[in-house]
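Note that the chains take the letters A, B, C, D and E in the order they are written out, and that residue 1 is the start of every chain.
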C-alpha cells in the first residue's frame, strides 16, 4: 500500500477527474492510498485543507480561498474546470417573469437583481464581469444556498443567475426559467475551479503532490477523451456515466441521472493546466471589490511549479 | 317566598381539561388532506408545498432502497454522542455552578454570553478546531446542548428544597452525601425538563452539524434536497427529524415516569 | 464530666451563595488575556482564533466607518418585528391551548411536531413562501420564537393557581373577567421566563434569517466574514450578537422587576 | 335565606365520598361541620356554593336573598385566595367589578368593609406585605362586600398560627354580634367549632355520613377562650371523632 | 446532657431579632418556647442545634451525650423534611448511612424505631402515600434512630389538622413516658405547650426577650385533652401573649 492521503470532493460532475482516477486505480498506481471525503459545500472543504484534514481538493476560487492563502494555509496548484468557447459551459439564466418583461439577453440586465451564494463567490464574480462587459449595473442578492437561489429564481424574486449547465438545462426545460446567454462569451478561458492543497503539502511534499497531480490528470484525460471527444463512442460514455453515477445523483435511477451527468459535461483542464491569466483577473476583481486584502500577490495564491500554465 | 326553594346554580367546572387524544389525529389528518387536495387541484402551487402522497412515496423509496438507515444511523450516532457529551458536561458544570459560589460568579456570565451565539456562525471555526470528521459534528451538537443544560441544571439545583438540605446538615450528613442523596435526586425533575429542550436543540443542530462534510445523515440528506430544490425529499427529511423529536420527548416522558414516580 | 460545657459546633451554612460579581469580570479578562498572549506568541495559530486586540480594532473600524449602525439597525428591526410577531402569536395560541380543551388536543401534538424542525432546513421554502425581502426574515424569526413561546405560555396558564380561579368562579365573575384579571397576570411570570428563551432563540436565528438575501445586518456581516474566512470580523459580529443577547436578557429582567413586583 | 340539603351523596371516580346527607342551614345561624380528614367536608361545602354538582340528592336555597345581595353564596377559602398582584383594596373591589355599581359607590362599599375588618390603613398594601391573619381578614372583607346571604367557610383559620386564630375568631364573633349572618363553617378544630357554632354537624369517616348534630345555646358573645362548659361539648365531640380519625389515617395506604 | 444559653442575642442584616437570652434545658425535660410570630423562636432553636451562629453570647452543651448517641442535637421540622424519593424505611436509614454501622444493625435499628412509632407496616410506602400525621411520625422515627441527647422541635405539629395533632401529642407523651428524653419544643399553640412542657418559656415580640418561664409539675401522662388545671395556665399564657400578638401584626407593614 502506498501513502495515505485524503481527497476532498463535492458530488458534482466537475469532480469526475477524481472519481475516475480513484475507480480506475490511477491513484493506487501512483503509490497513493486515497480516501475520498465528501462535502456539502466548497467553503468547509477549503477550511478542511487549511486545517490539514484534507490533503487535496478542487473548488472554485472564492474570496475565502484567497483569504486562507493569505493566511499562509493553502496554495492553488493546478486547474480543473474551465470555460472553453464551443463547449457547453455555464449559462446565464433569467426568471420567467423577467424574461417575459424583456430580459431576453444579458444586455437587458441593467437594474436587475442577480443571485449569488455569498459575496466573493464565483457567482458574484461572473455576474460582475457580465455586467461590466455589458455596461449595466446589477444588484446582487446573497442567498447562501443554491437551493434558495433556485427557489428565488423560479418564483421570480430575483431576475438572473448563472450556473453550470447540468443545473441550468433541466431548470430551463421546466419552463420556469430561461437561458439567455453563455458565460463563455464574456469570460473565455475562465478558470472556474482549481486544484488546491495546503501550503505545507505544496512546499514540503513535492513528490506526493506531483504523484497526486499526475494520477488526477490521467482521470481528467479519460474524462475529456470519453465525454467530450467521444473517442470510445456511446459505449464509452455509458461506462463513464455508470462510473460517475456511483458518486453523483446516487439516489436517482440510472436513466434520470445519466441525463444530468451528460448535461453537465464541461472541459476539464488537461494535465491540470492552470490558466494564470484568469486567476489573476479573478484576484484583481476580489481586490477591487474590497473583499480581500490589497497586498495579496499572485504568488501568495499560486504555486505554479507543478503544472503547465496558460496565459501567463 | 316559595317554600320549595330553588336549586343552587352550578358555576364551577370551567378551566379544567378533558383529554381528547383523537382531536390531535383529526387535526393532522385534516391538514394532510388539505395539502393533498390543494396540490392535486393546483390551488397550492407545487413550488410551495410538495404533495403529501409524493412525500410518502419518497419516504417509501428511501426505506426500500435501504438508504433510510444509511442516513439515519450516522445521524443517530452523532445525536447520541454529541448530546451525551453536551448534556453530561452541562449537568456537571450546572452542578458546580449550583454548589459553589465562586464557580457561579465566574461561569454564569460566561454562559449568558455564549447562549445567544448562533452555532452556524462558527461553522468554519469548528472545522479548524475539531476537524471534518465526526469530531466537529459531535462538538457542534455538544456545544448546542451544553448551554441550555447548564442553565436548566443550576436552576434545578437552586430549586432543591432548602429545608431538605438543612435537614441533612442537622443530622451531620457529610457534604458529599448531601449532594448525592439530596441535591441530585431533588434536582432531577428540573434536569429532565431541561433535557427535553436540550435534546430538541440537538436535533435542530443536526442539520448544521452535517453541513460540515457529512456524506450520510438526515441533515445531509435534507441539505442536498434543499440545494436541488427537491421538496419531496426535503419534507421527507424534515418529517423524519420531527418524528425523531417527538420520540425523544416521549422517551424522556417515560424516563420521568420511571425515575420520578415519587412525585404526586 | 466538665461543668463548663463545650460550645455547640456550627454545621449549617453550606449551600448558600454569596454574590461575587467581580469574579465574572476576572474570568472574562483572563480568557481574553490568554487568547491575546497565545495569538501573539504563536502558541495559538491565527487560523484557530483571532487576536482579541485585532477584533477590538475591527470593531473600532466598524464603528468609525458608520457601518456598525448600517448593519445593526436592520438586524434590530428584523429582531423586533419577527420576535414581536412570533411572541404575540405564541402567547395568543398558548392562551387558547391553556383555556380550551379542544384547542389543546388539536394543537399540542402539532406544536410538539414542529418544535424539532430545524429552521435552516426550510430556508429554500421560506424564499418561496415569504420572498427574499424582509418578509422571509421576519417569518423565520417569528417561526423560531413562536413554538417556545407557545409551550411556555400554556405551561404558565396551566400553572395559574386553581384556587384563584375557583375563587373567581365562586364570586360569579364572568369568564372573560377571570381570564383577564386572574389568568393573565397569574401566567405573566411564566410567560416572561419563556420570552427570555424565545428572544435568545430569535437572536440565534438572526444569522439564519439573514442567509436569505440580506445585504446589511449583523447576520449577513458574520456570514460574509465566514465565507471570506475573516476571523476578526467573524468574532466582532459574534460579540455583537452575544452582547445583544445579554442586553435583551437584562431588559427582560427589568420588566420582570417592574411588572412582577408583587412577587416576594 | 336558608339552605337545605336533601339526600345528598357524591362519588369521585366511583369512590363514594358522601352518603345521604340531610341538613338545614337556618337563617342567621352558624353551622359548623366537623369530621375526619377526607370525609367530604370540602366537597359538601362546594356543593352548597354551586362549585360542584351533587351526584345524588339536591341542594336547595329557600327564600329570597336579602336586598342588595350581589353574591348570595360566598366562599372564604383556607388559603385566602388573594390575587398577589392586587392591593388589599383591589382584591376587595375585584368582586364588585362585574356588577353595575358606580365607581364612587364601589369605593364607599370597599371603604366600609375595610373599616369593619380593621384594614383601612392597609388598603394599599400588597398581600405579600401582610401576615396570614391579615390576609384572611382581607378575604373576609372581600366576602362581606358582596353582602352574602350565606357565608361558606372552608377551614378559614387552619392556615394560621394559634394566636392569630384566636384573634380572628374574636373578630368573627364581633362581626356576627353586630350583624348576624348565616354561615357554614367547615373545620378540623373542635375548639373553633364550639366557639363559633350554633349547631355542630359531625360527619363519619369516608364515605361521610351524618353522625350527630350538636346544638349549643350559649350566645356567641358570651363564649370565651377555654370556657369550661364548652370544654365539655368539645370533649364529647373528641370522643366521637377520635376513633374515626385514627382509623381514617390507617386506611389511607390501602384506600 | 443539657443545653445552656448565656446572653444569646442575634441580628439579621442589622435588625435585632433576639436579645439577651439566658436559658437552661435540663436533662430529661421538655422545654416549650412560645412567643408571637417573628420573635425569633426558630432562630433560637437553630442556634441550639448549631445551624446558626449566635452573634452575641454562647450556646453550650454540658455533659457527655449518652452512650451510642449518633447525633446529639437532632431536629424535627415543621414541614417534615422527608425525602420524597425514599420510602419510609429509606428516609429513616438515610441518617445512619454516614455512620460506621453494619447493614444488619442498621436494619434492626430502623425496624425498632418504626415499631415504636407504629409505622412498621408502612416501611415501604413513599411519603406521598402518607397523611400529614404519618409523615411527621416518620420524621420522629428518623430523629429517634440516631439516639439523640436533645430533640429540637420547631412547631412539629402546626402543619397538621387538629385531630391529627391531638393524636400525635398522645404519641409524644407515650414515647416520653416510656423513655424520657430531653427536648426543646417551639410552638405557637398554647394548648400544645401546656400538654407537653415541663417548663414553658415565653418570649416577647421582636426583638425576642425572655418574658417569663412557667413550670408545670403535673406528670405528662396525667395531662389530658382540655384538663381544667391546664386551662388555667393556658389562659394565663394567653393573657401574656395576646397584646404582643396583636401588636406584632400591626407592626408588620411598618417593619
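Throughout what follows, contacts are C-beta pairs under 8 Å (C-beta built on N, C-alpha and C of every residue); 3 or more make two chains touch, one makes a residue touch a chain.
Chain identities (UniProt): D, E = ABC transporter ATP-binding protein.
What you are looking at is a predicted structure, and each value in this text was computed from that prediction instead of being measured.
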| item | value |
| --- | --- |
| Chains most often in contact, by C-beta pairs | B-C |
| Rounded Å distance between chain A and chain B, as computed from the means of their C-alpha atoms | 39 |
| Separation of mean Cα positions, chain E and chain B [Å, integer] | 47 |
| Chain A and chain E, separation of their C-alpha mean positions in angstrom | 83 |
| Residue list for chain B, restricted to those that touch at least two other chains | 11-12, 47, 123-124, 128, 166, 169-170, 172, 223, 226, 229 |
| Residues of chain D whose C-beta touches two or more other chains | 49-51, 73 |
| Touching two or more other chains - residue numbers and ranges from chain A | 43, 47, 50-51, 145, 147-148, 150-151, 154-155 |
| Chain-chain contacts as defined at top | A-B, A-C, B-C, B-D, B-E, C-D, C-E, D-E |
| In the complex, chain B residues that touch chain C | 11-12, 14-15, 17-24, 26-28, 31, 47-48, 99, 101-102, 104-110, 112-125, 128-129, 162, 165-166, 169-170, 172, 175, 178, 183, 197, 200, 203-208, 219, 222-223, 226, 229, 231, 234, 237-238, 241-246, 248-249 |
| Residues of chain A defined as touching chain C within the complex | 43, 46-47, 50-51, 62-64, 67-68, 71, 73, 117-121, 140-145, 147-148, 150-152, 154-155, 157-158, 291-292 |
| List of chain E residues in touch with chain B within their complex | 49, 51, 70-71, 73-75, 77, 79, 81, 83-86, 94-95, 97-98, 126-128, 142, 146 |
| Complex contact set, residues of chain B against chain A | 47, 62, 65, 67, 123-124, 127-128, 131-133, 210-215, 220, 223-229 |
| Touching residues (chain side chain D, partner chain B) in the complex | 3-4, 46-53, 58-64, 73 |
